[in-house]
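What follows is chain A paired twice: with chain B in the first complex and chain C in the second.
== the complex of A and B ==
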């Protein structure tokens, strides 16, 4: 099991966008199971009007994508380390296909992500995965691509 | 300003209606929520927030065009491809095309071409929206 403190040494993401709390299972180059607890004190639940229905408090889909993607990124970085290499550059979300939402998570729920490797290369990783809450399927992704991009290429994008 | 549903940030500054849908803009600023952690000392607008920009704008459009009380959720990110990053100072423009599903009034397809002010393509996003009629809280 890998705790949050260790995850900050694996992923470049930090509070409040670090959306993985703990790794439960990890098999290098193959599979990871990670959890993220959703709580009403997160910034995404700030500023909501009074009297809204339950559905208004669904954990945002974009953050769910980010959270599942970070579980995949952790799998990639950990696998590289265990293989004696280090990813070179800034970690970026490259692409995703077939990211379906089958339910919602709410404050108090624990997201359980499972990500499986399709292919790992030096500068890119292709994975698929799913997210469950108490066994209930919340999301499935057919394919997501993570890339490591040289920092200079990323920094050069700012318009003067 | 109060919100009606949970979002990581207000991801839309301006919406201009077009015949196909809308042109949506969002100026990236360093103190956008969540950016401080993405990444410390090297802020980049997270790719999923570009999806959020397209989603918030198209959700608002569909909800305003249907019966009062209609609610829209995201059924699927059919595809998203990120081509270039957005950093503070950049402006995101998303050219969104909304297509009602001719066979299913509860579905709307959104195809968005996202660009930076310098013209570089930032992302291509295709979303499948689910339309819930008033009173349906599923």
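== the complex of A and C ==
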């Protein structure tokens, strides 16, 4: 099991956009199971008016995609590390195909992401995955593509 | 043999069409993914990952720049899959 503190050494994301809390299971180059607890204190629920219906507190699907994607990123980075290599450059979410949403998560729910490797190369990764809450299917993605690009190519002329 | 070749070409055309989100009829062996079908470099990575899985082969990513049309994809896949045609 990998705790939050360790994940900050694996993923470049930080509060409040680090959307994975803990890794429960991990098999290098194959599979990861990671969780993210949704709470009412998420920044995305800040400032909502009183009296809104239950549906207003559904965890946004954009963040769900991010969270599931980060589980995949952790799988890639950890696999590279265990293989004795370091990914060269910045990880980028390249594309997702066949994303289906089957339900919603609410404050108090724990998202359980399972991500499986389809293809891992030196600087690209293709994975599929699903998210469940208490065994209930929330989302499925048929294919997520991530790439690693050299810092210089990503930063362009923005950074000095 | 010609039928096998056609069958594989059609399989690859389906994969390419799905990834590029284009009707299969629009993909010819020489139509350029980037110039004619608005693809970017990520699409080639997706195509490569899919054909690897489909035919249980490994293609090094150094072949990516060459995968610019269906004909090239076919030639690269056939080289790594050891297809005799």
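Following the convention adopted for this analysis, the second predicted complex is superposed on the first by the 156 of 160 C-alpha atoms of A that agree within 3 Å, B and C clash if a C-alpha of one lies under 4 Å from a C-alpha of the other, contacts with A are read in each partner's own complex, and residues count from 1 in each chain.
We adopt the following convention: contacts are C-beta pairs under 8 Å (C-beta built on N, C-alpha and C of every residue); 3 or more make two chains touch, one makes a residue touch a chain.
Note that this is a predicted model, so its numbers are computed, not measured.
Undergrad: Quick check on the superposed pair: does A:121 touch chain B, chain C, both, or neither? Answer first, second, both or neither.
TA: second
Undergrad: Between chain B and chain C, which makes contact with more of the residues in chain A?
TA: Result: the larger residue contact count on chain A belongs to B.
Undergrad: With both complexes superposed on chain A, which partner does A:94 reach: first (chain B), second (chain C), both or neither?
TA: both
Undergrad: Contact-wise, after the overlay, does A:154 reach chain B, chain C, both or neither (first, second, both, neither)?
TA: A:154: touches chain B, not chain C.
Undergrad: One more residue to check, A:53. First (chain B), second (chain C), both or neither?
TA: first
Undergrad: Thinking of the overlay built on chain A, is A:63 touched by chain B (first), by chain C (second), by both, or by neither?
TA: Only chain B; A:63 stays clear of chain C.
Undergrad: In the superposed arrangement, what residues of chain A touch both chain B and chain C?
TA: Residues common to the chain A contacts of chain C and of chain B are 94-95, 97, listed in rising order.
Undergrad: Under the stated contact criterion, what part of chain A meets chain C in this complex?
TA: 94-95, 97, 118-119, 121-124, 126, 143, 145, 147
Undergrad: Under the stated contact criterion, what part of chain B meets chain A in this complex?
TA: Touch residues, chain B against chain A: 1-8, 33-40, 42, 44, 46-49, 51-52, 55, 71, 73-82, 84-91, 116-118, 120, 137-138.
Undergrad: Can you list the chain A residues touching chain B in their complex?
TA: 12-18, 43-45, 47-49, 52-63, 65-66, 69, 90, 92-101, 104, 149, 151, 154-155, 157-159
Undergrad: Please name which positions on chain C make contact with chain A in the complex.
TA: 42, 45-46, 48-49, 52-53, 61
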